[in-house]
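Below you'll find a set of structures to go through.
One chain, subunit A, links the two complexes that follow: it is found with subunit B in the first and with subunit C in the second.
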Partner chain A sequence: MSQVDPQTTTESSKDPILEVENLQTVFFTDKETIRAVDGVSFDIEPGETVGIVGESGSGKSVTARSIMGLVESPGRVVGGSIRLRGDELTDNTKQEWQRIRGGQIAMVFQDPLTSLNPVYTVGNQIKESLRLHQGLRGKAATEEAINLLEAVGIPDAPRRIKEYPHQFSGGMRQRAVIAVALACDPDVLICDEPTTALDVTIQAQILELLHDLQEERDLAIMFITHDMGVIAEIADRVNVMYAGEIIESAPVDELFDNPKHPYTQGLLGSIPSRNPSGEPLATIEGEVPTPNEPATYCRFADRCPEAFDECEAVHPVAVEVSETDAEHTASCLLYPDDVSRDEAVELHRSRGAATETEVDR
Partner chain B sequence: MSLDAPTPAGVTEADIADGEPLVEVDDLKTYYGEGGLLGGAPVKAVDGVNFDIKKGETLGLVGESGCGKSTLGRTLIGLEQATGGSVRYKGTDITQLSKTQLNEMRQDVQMVFQDPESSLNERMTVGEIIKEPLDVHDWQTPQDRRNRVRELLDTVGLQPEHYYRYPFQFSGGQKQRIGIARALALNPDFIILDEPVSALDASVQAKILNLLNDLQDEFGLTYLFIAHDLAVVEHVCDRVAVMYLGNIMELGDSQELFDDPANPYTLSLLSAIPEPDPSVRKNRITLRGTPPSPRDPPSGCPFSTRCPMKIRPEEYQDLEPAVWEAIEVFREVLRERSKVEYSPTEQVRQLLGMSDPYDDLDDILAEEFGDVDVPDKVQQHIDEAVSRIRNGDPESAREYLREEFASECEAERPELHPVGETDRVSLCHRHKSGYDEPNAFVDEDVLGE
Partner chain C sequence: MSAYREKFEDEPLRNRIRQNPRPAVAWAAVMAVLLALEFSALVDFVMSWPWASLVGGIADNLPQGLATALTGAAGTIAGFGDWLSNLPRLLTRELIPNQGYETASGWESTFLNLPPALAWAIRVTVVYAYAFAFLYWVWRGYLVFREHYRYANWTPTDDMIDRLRDHRWGQFGLIVVTMFVILAVFAPTLGPTTLEANIASPYTHNIQYFEGGEVKEATVGAANLASQSQGDSQNFGLGSYDDYGRFHPVGTLDTGKDLFTFLAHGARISLFIGVVAIAIGGGIALALSMITAYYKGLVDLVAVLASDSFMAMPRLIVLIMLDVVLANHWISTLYSGGVLLALLFGLWGWPGLWRAIRGPALQVVENEWIDAAESFGQKPTVLMRKHVAPYVIGYLLIYASMSIGGIMIGTAGLSYLGLGVTAPTPEWGRAIASGQDFVTSASWHISIIPGLAITLVVVGFNAMGDGIRDAIDPKSEGASADEAAAAGGA
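Let's turn to the complex of A and B:
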């Protein structure tokens, strides 16, 4: 980093570097208003990997794009706050965003071929980032680019920086994208399904690389995936998203050992390796709904094996699953499970009323 | 043309009992871009594979992208022309069939494709899509065909009113059901499933897998299940074939292969799967690099450029692993560089001595050998190779290193050796007597036991 934020030096590593609170991103179409991200809150600490899992359409990628300031019309961030080291990002100007994107928060996308420019050499693309954020040029930039490619494990880096993306294999392209993302020493790295397009042996290489880089640089990583195996591997803490909301959040071991939300239970239950061989797989009935109206009810209720009448009437908020476990929250009327059902429903109702917000065009 | 008249497959009585081979593949080769003036070396997508598919079973075919698994599937159904070898379906060699005969045969052999978005015609209604194979094969009367389609919609869990809808009105999982209904239309015996669930979300994937399983029980189907997701394959397949660079590396009973893999590639592949259980700590084998190009596969064993258990020459048996790896990477870098195509201007510059493609050799040496303690017996060979490169002859440097450091893994193609309890086979020199088995090199927890 070229400029040193005075806050960084005094900050203890326990403070979250990125805080997302009640984030709401809405897409306004002629037909309907889609609440792609509807009241999402989470924190990321330095050196920590926070995983976000969910099926397609659950709002994972829109969450990431909101944090990067990359939501485009007809979408808009309409509420909530995103704070990077205490600085609010949602009211940033275009110039402020440009300084933060790539400089402090960097992103790795799913498909490495579309995130690299085919008409520039890989070296050029790394040097572009170095020039914009660190003012490096010429020989110094080239040397730094070679160092970065070596840091992400690309052999024969001096030759490789002169090559174009099409001359790289899939895994190497993703390494190059990571090199571009790391060029300016960001504090937060957002990985949006970075291994989904890759083969399993290459995926293992990339996960190992991210792990090493995180240790070296104390990176905070937000890792988005739909693959429960990958999340178990890389995340410290997991947020499960469903129809625009985080419906469960827990440390990774706790989530896999003790899933509380019926959706998480269903999702884990449908993984082939968690089912006995030769028997039918457990499934979740129905399809993921489109969140196109305010959540005044539980969006999972009509697929939920445990639903009861109040599920249609009360919107569940994130509560601790039990008094003893503050780290583990679920948005489900069944919890907290150490109070009676009526008390639990009442708790959700009263807390829900306090956070209700209306979305206007 | 084969001499025996091929039986129109639709007419054949199912005279093959369960467990008898339905499909026999013998030394099958499918090459692309062979011949022609500018053809150059062909892409060896499938390079001599042998296996049987038994009636009523599900055979899994796994491997990384580009290993030739889809090409193999397409060759089995006659969508690609085989370059060599034979595929016998119920005794008839389908590589020799004429177009009309192939058409007949396809009543009996069907395929479900990976991407439901692109394998369904957007301009046809669901009913028309499912009815098309019936129309093509002129199956009974139009009235019967429409009834058959309604019956099929019900079989795959769709509603009769879906008949008149268009594919865009359906979700991914429902589209895949339409594709399955189309494959079932002519009552086939054998279905090739090419990555049928990889485009789907986990909860939808489970439903489609259950459907496929139910259909197999109901209609006595035989499946070839092509996938890259090993967890899915483990769950649904009876036997599994593992492919790498056009070769079958290991083939055998699914449970046994997943529990106790014998081949170095199978071991590496299985150890790379992330377990959906954070308490499992795997001592993972991470492979170096990417698979070589099938246009120019390595001599000897196809896996020899990445194999972590490669046999070393006698005198280097007790070399430090880090040194051995540095040598391997150095050789890989030289091999890669020899294949680089330079632009015309660059070629001219090199001819005129204005540019040297190896002017950064010192950087390479520092990068590979900088942090390892290289013994003299190795260093002298590296030095010799370096001086040959400096003299402008990188080709002989590669040859020199090859002679010094290569073993039979690079010299001759291994055979399929029988391994395990059931009739499982594995392609590796290490199964020969006098060598340690591949799994002797890995720790207990390499698969996360």
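Let's turn to the complex of A and C:
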């Protein structure tokens, strides 16, 4: 588990570099309208790592792609705002996106096997982005590419730079992909499950690498994963996503020590290392529902061990779990837990009505 | 591929050769000998460009003194070039002549006084041996580079090339196509006589023949009249001599002209039309496939509808119509109508080619490295050119090599109908048409030989396409390519 000094997480003196507010990304299929991302809000500060964790299909990757402007038809960002240093991104033109991508926000994809083009050398691909973002060519680009490969911990970089992706091992390849992203010199790095395709020891190395790079370059990292262990390792702050919504958000230690949302509790209950050996692991029954209609109820209610009648009728909004803990929010009718249940339900009902949105084609 | 270019940029090939010069020097020495044999032909080719008008154009826009100096220098260089182009070379008719006359003591004025058939056979063998040796040496050059000087010890292209090396059917196609191309390129040297003398203007050229104990002269035209293949009454078939001592490897036409010379020059225009049409059609198809794969959706739909409309028109009938409509236009005078045909086949060829590569293009765009490149802000044009086009070009090559056969059949079909390429430029289809009355007679060769030649060349192009396909995509081994060939044939 990471040893983050509580001082650094509670003290938010810096302005956030990336602000996502009530983001809504919808896929209009012939059959139905899928609200893959439904009202997601979070901020990232420079030098901070924000983790987004959730099951497959909970909308993590779509959130990342929305921030990069890479959502493809039939998907569309229909509401909310994404601001980079205060500049709105959602109404960008293609040309404006091209300036943002890479230079401001870069992305590391899940599978290092497929995110490098097999017919070009690794050096060629790093130089491609160096040329785009730093205007380097020829010898200068080669030298910088070698520096970058060394920076991501690839030994014998001058030789490796002329090799093809297939000559690299999985971990090496992911390092190369990170080098390509760093070649853009971004301020925000989005990592979409960068360690999922790697084995555990390599995972740890990549996480350490990201941590070092972050300190060196003051990178803001948005880290997407379904692995709670990885999140504990790297994130300063964690957002738990479920069916297109963030249902709990807290500093990493707080979340692990004191999970509030029943879903988060269920997730943590299913990690082998956190639980006493010998006992069978707890599971969450059922599957993530497809969010194909506006949320007028709690999408987790069907699977929730603590569900009660109002869960089917009131859509929970993000509230502080208690008055003393402003950094920790959960979207659950059980909270805030320092008021009575009826009062809490009423609070969610009134706040929910204020933010109700309708999606039009 | 540009991967190689990038490597040269890093460490010049020069340096790597300096470190280990032996293989490169050995290769270059042999290449130099091969080039020296035909050096004057190269110079000839360069000198045949319209330098005079270029220099004149530049000189007109220069001040007097400079212009004089320029034209003076140009004149000196031209003189030197002419001298170079007159140096002896290996592959000429003059070095191994096959035209002569037979006296009582044997053949005169042929190569080593051999019979014309033998002299001609020697010249053809030398040309083909030289051409194949040259191509083999180019291939060897690639292997030497790959083994000794390339930085990467393996690239994805190597696998494709190695698979082609084991692909007998593809190699058969490659050899047939190569022989066809050599026939077209060396047509003036390969024919037993020349286009100008025998076909284009026979009455301004003379030949010597031996009759009644003395050497006489006659015009080629007169000799042709006496050498007509007219069925059972008079025929000059395969490997025959006519009364003027001229050798006809595959007989004469019904007009008495030499069929082999006709075929060799006909190969030129077939190849020209095929290559130009495929370049136009393939270029449009590739550009369009990149656009539709990037934008998808509506753009793709519009392109589908457009290509469907094009394909709904019967191609050959539209071509015939346009050919007739444009018959009096200046464009139909270029290369006896060959340029017009190439343009029409090209403009009508893109829908089929685009349809063939649309799927692969859409598939390649889905790869994660495209997303990755896009996520670091790569421009759409570079994205498609660098990361998608190289994959699609492979597929385009397959279909291009298969439809080139269709275009050749189309061209021959039009000339068979008396359209398209007009006389005096030889076209295989016209030979077939002129011989069709004699197919059942002794003069069957007039139609059958060009017909077989077309079939063989088209099969060769299809086999080559099969080979390329199996090389690019090993999973496709054994799949049928007949549809593409059939579609190309309209």
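We take it that the second predicted complex is superposed on the first by the 348 of 361 C-alpha atoms of A that agree within 3 Å, B and C clash if a C-alpha of one lies under 4 Å from a C-alpha of the other, contacts with A are read in each partner's own complex, and residues count from 1 in each chain.
Just so we're on the same page, a contact is a pair of C-beta atoms (placed from the backbone, for glycine too) under 8 Å apart; a residue touches a chain by one contact, two chains touch by 3 or more.
From a predicted model like this one, the values you see are computed outputs, not experimental measurements.
Applying the stated clash criterion after superposition on subunit A shows that subunit B and subunit C collide. Subunit A has more of its residues touched by B than by the other of subunit B and subunit C. Applying the stated contact rule after C-alpha superposition, one finds that A:Arg349 touches neither subunit B nor subunit C.
Legend: residue contacts after superposition of the two complexes on their common chain; A:Val180 is shown touching subunit C, with no touch to subunit B. In the superposition on chain A, contact of A:Thr114 is made with subunit C only, not with subunit B.
In the superposition on chain A, A:Arg217 makes contact with neither subunit B nor subunit C. Once chain A of one complex is fitted onto chain A of the other, the partner contacts of A:Gln98 are limited to subunit C, with no touch recorded for subunit B.
Superposing the two complexes on chain A places one of the subunit B stretches 348-356, 384-392, 420-428 or 438-446 into subunit C: stretch 348-356. In the superposition on chain A, the residues of subunit A contacted by subunit B and by subunit C do not overlap at all. Those residues of subunit C that touch subunit A in the complex are listed here as 1, 3, 6-7, 9-10, 151-152, 154-157, 296-297, 367-369, 371-380, 386-387, 390-391.
Residues 55-56, 150, 155-159, 169-172, 199-205, 207-208, 226-233, 252-253, 256-257, 266-268, 270-275, 277, 280-284, 287-288 of subunit A are the ones that touch subunit B when the two sit in their complex.
In the complex of the two chains, the subunit B residues touching subunit A come out as 64-65, 171, 173, 201-207, 209-210, 213, 228, 230-232, 234-236, 255, 268-269, 271-280, 284, 286-287, 289-290, 329, 332-333, 336-337, 340, 360, 363-364, 367. Residues 68, 70, 73, 94, 98-103, 106-107, 109-111, 114-121, 123-124, 127-129, 132-133, 138, 142, 162-164, 177, 180-181, 183-184 of subunit A are the ones touching subunit C in the complex.
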